[in-house]
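The block underneath contains the structure these notes are about, expressed in structure tokens.
Naming follows writing order (A, B, C and D), and every chain is counted from residue 1.
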Amino acid sequence: MNFQEIFSRHELNVIKNKDALGNNILSINKDDLLKICELLKNDRLFNYEMLLAVIGIDCSEHFEVLYSFYSLKNNKKLFLKTILPKENPCIESLCGLYSSADWHERECFDLLGIEFLNHPKLERILLPKDWVGHPLRKDYKEEDERLSWNRR
Amino acid sequence: MYDLYLKLFTYLSLPKWLGIVSWPVIPFIGIAALMVLMVLFLVLLERKFLALLTIRKGPNRVGPYGLFQTVADAIKLLFKEDIIPTNTEKILFSIAPVVFFFPVMAVYGLIPFAHNWVAINASCGLILMLAISSVSILGLLSAGWASNNKYSILGAMRSVAQAISYELPLVLSALGIVVLSGTMNLNKIALGQENIFGWYIFPSFLGFIIFLICTLAELNRVPFDLPEAESELVSGYNTEYSGMKFALFFLAEYAALFVYSALIVTLFLGGYSSPFGGYIFGFLPYLKKIIFLEQAFWLMSKTFGIILLIMWTRATLPRLRADQLMSFSWKFLLPLSFLNLLFVALLKYFIG
Amino acid sequence: MIKEELKINIGPQHPSTHGVLRLVADLDGEYIKDIEAKIGYLHRGMEKLAESRNYHQYLPMVDRIDYLSGFFNSASFCYAVESLAGIEVPKRAEYLRLITMELNRIASHLLWLGTFLLDLGATSPLFYCLREREEIVKILENLTGQRMMYNYYCFGGVRKDMPDGWLSSVKNFCENFPSQIDDYEKLITENPIFLARTKGVGVISAEMALDYGITGANLRASGVRFDARKSMPYSVYKDFNFDTPTLQEGDCYARYQVRLLEMRESCKLIQKAISRIPGGASEKLKVKRTNCGCNKAECAFCGDETKIFFKKTNPLTLKIPPAEVTTFIESSRGLSTCYVRSNGTNMPDRVKWRTPSFSATQILPELCKGSLYADIMAVLGSLDIVLPEVDR
Amino acid sequence: MEFIKKITSGIIAIKNGMEMIAKHAFRPAITVEYPEVKDEFNARLRGHIALTSNEDGSSKCIDCKSCVRVCPCSDLIKIKSHKDSDGQVIIDRFSIDLGRCIVCGNCVDICPKNALIMSNNYELAKYNKNDLIFEIDDLKLSYEETQHLLKELEKDL
């Protein structure tokens, strides 16, 4: 099965890379995300029925969101990489396709401030609701007065 | 004994009427003392026995072998600050432990510890006992309600539902004994089972099992400890209690454990009577006067046997769920207890 | 009186939430209408900490992500860094890693078993389980120097070879352990109350499990045969033949059984690994090495296989070229992945942990809806959630 | 029939369970009564870190600051030193805040001169946080202790 063929049939642009362990990383356009994920989940060839993680990365100039999929049938791992702009990063939510996306996306929003559109309940999950800023951003500075007791 | 007691008053040059008035009170003082001592011992026994079963050592710091651990605990509880949380029903909150405690204490008076050694020798002692002991549920309910705590109210509701549904099989299986013995007087019931073959456990074994299970439920012990299920309701109805009020709950629970075990022994295992028919003290003319000591010994040893059995089950079994608890009682125990009653009645009718 | 629905707050300080999970439940009598899980009370910013520390500095912290099975996270991070930096791990070190990981799996499962039964109201199994766990912990302490926060793995191998007599103590344990599990089974498996509490409670269907990304024993209890040790082998797992116990029911009882079977399987795996470890026990190896006098590279006792690291990395100079990698480890709770992205300096650019408990907590509300209040504890206990792993 | 089967199997299971419990009751207790009885441990046990010393009682530390750089908790170890006339390094101050130390052993592993070692003392409970900042006098082991520890560790490896 060839990614390129199937994706080009659906008029989707992907660039294939490999990571250090030889797993596929597909760089995709962020607008195509939902389409591609639908294809990945429902197409018999791919059948990626598990969304393992949503990994947000701050790369200083831009954000990256990495989706990690696993197909039980084919025993294949796959990563989708999307690039988001630094200003107002937002991307379509995968909640409709995978239930596991819910909390992973919330965590991503919480720590990196990446907005997921059409998410049913996009709130902070790990940090308290009144937290200021998104700590995993590279330009984050801890300025919360309440944390002063923590220092010694 | 009565004459001896009155003589004591004249010897001490106290007015005679004081002796006449105070005579009936003495058993109750004795019972109260017995109860407190018994509870102190039972708590220690339970901790030590459970420690033995779960390969631990149990309390062993206060006194030799940790014997004074419960005394130390009791003193600690006595001196603890009595906290009444805000937004509670203050009066109910304070009364509840007492309401829970008193019926249990009253019931002690009905247990025949030896022949005619019973504080209240009521002719319908069995029914009276069951009736009084079921009052204590009111205490639980008011404790749970007055605490203004959600865990407490859940625990209280559970305990009321549980107590009501397990009361029926309990009474029905006890009725089997009434049928067999033809009396409701606990003293006479114990007298009716002179040796091990006369024990009512044999004709109504099913009744014994049902009674034991229902006792576990009435006592809120594992596997029926839902009202204070620690992993679910923190500690149920006594979540908000501390200090002496908590101690009263604690006291009442263990006192009830003893009293129900004694009741089981009286009903099914021959009560104070010796399992061998005669008494050892009975053969010796000197000791005939203190034969009640031997009788009390038999009652105690049997009772502690039952208590250890209950503790043993505590170490073994997990907890039931609320709906399973209910269906177990109504769908299984109740029909079974009717069956038992029928069987016992037929047995009595045909065999005699 | 009260309103029709009772909003009850279970946790963060509650005896059976296994740490600091907070559940907000709407109760209708004893029945649960709605439940919401709130996490984050144990958030320590493990991912943020990685940004300001070099690889060696971060390594001891990794054990704390899941304190009940520290080796797995450690291994996950080590494999990630090793694959990024191109460091090879010698066979002996891999075997040591495998043995320690499997021991840790048993220890973690034992603690789970005890606390699960404690949640159901049975007290004594806890003590029995802790006794057995104590033996494992003692064994691991003798090897690594600490009971829970091992910090034993390092990039390119393990820190120390095993002490004298360690292997035989492991062997001893593995021989005695199955009979202990038999004892637990006698006590629990057939018990009618336990059956009533767990059978048909908290059923996860296979589709639901996959949808929520549940992994590990919870997934295997739902009839999906997925084990990262088999399907994406790391370490030396592919040299071994072992079972992945799978059951179809997907309820609490199935999860319990799967975990018990897994413990037995791990025990066998350790025994196999002990018999095959290159060089054998350390005392033997020492003797062989001193009297060997052979061609170094090809010798079975002095060769590269029996080292515990080929090349020790220098913590002060370890710099990794920019790349990214994700490692997949079957931890005791499920699939634990570690994403590491390096940027050419001695500090990682981003480390992301995907932990199995996170997904398991997410499915909890779905499982509890409509069941009884007491079932929360049964389900929560059976999912084997460890809160530090959820919050990281 | 099914019903009766269920009941009998349940009774048998409970009976088996109770027998199990009774069987375990005759095993010795596993409790270790801590302050009086201390558990045995192996020489590898990681207590707090300690400074080894030479025969003449001086420290082996050369103030290379390797330990500071591998320590996960950034500014935990504080070292100050000066050089004497022979060019020998004399340590003026070596302090570690054990309240924040996670006892990972990284510093011991990296130390080029074996100046640091994990002692076997794990009893670090104190009433005051500041008592946990150990200075050089608290950390330094005598020559005999050092040799003993090293010997134990060597035997072990």
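Note that contacts are C-beta pairs under 8 Å (C-beta built on N, C-alpha and C of every residue); 3 or more make two chains touch, one makes a residue touch a chain.
Remember, it's a predicted structure, so these values are computed and weren't measured experimentally.
Novice: Please state whether A-C or B-D has more C-beta contact pairs across its interface.
Specialist: Between the chain pairs A-C and B-D, A-C carries more contacts.
Novice: With chain centres set to the mean of the C-alpha atoms, which chain is at the far end from chain B?
Specialist: It is A whose centre lies farthest from that of chain B.
Novice: Return the distance between the CA-based centres of chain A and chain C, expressed in whole Å.
Specialist: Result: the chain centres lie 25 Å from each other.
Novice: Chain A to chain D: how many Å between their CA centres?
Specialist: The answer is 41 Å.
Novice: What whole-number Å value describes the gap between the mean CA coordinates of chain A and chain B?
Specialist: Going by mean C-alpha positions, chain A sits 63 Å from chain B.
Novice: Which integer distance in Å separates the CA centroid of chain B from that of chain D?
Specialist: 51
Novice: So which stretches of chain D touch two or more other chains?
Specialist: In chain D, the residues touching two or more other chains are 14, 17, 20-21, 24, 30.
Novice: Could you list the positions in chain A whose residues touch two or more of the other chains?
Specialist: none
Novice: Give me the residues of chain B that touch two or more other chains.
Specialist: 53-56, 315-317
Novice: So in the complex, which bits of chain B are touching chain D?
Specialist: 51-57, 60, 312-313, 315-317
Novice: Of all residues in chain C, which touch chain B in the complex?
Specialist: So the residues of chain C in touch with chain B come to 2, 6-9, 14-16, 27, 30, 117-124, 126-128, 131, 187, 191, 193-194, 196-197, 372-377.
Novice: State the interface residues of chain D toward chain C in the complex, per the touch definition above.
Specialist: Counting only chain D, the residues touching chain C are 6, 9-10, 12-14, 16-17, 19-21, 23-24, 30, 41-42, 44-46, 66, 69-72, 74, 102-106, 109-110, 118, 155-157.
Novice: How about chain C: which of its residues touch chain A in the complex?
Specialist: Listed in rising order, the residues are 39-40, 43, 45, 47-48, 51, 83-84, 208, 210-213, 224, 226, 231-232, 323-328, 335, 337, 339, 341, 349-350, 352, 354, 358-359, 361-362, 391-392.
Novice: Which bits of chain B are touching chain C when the two form their complex?
Specialist: These residues of chain B touch chain C: 50, 53-56, 150-151, 153-154, 158, 222-223, 225-226, 229-232, 234, 314-324.
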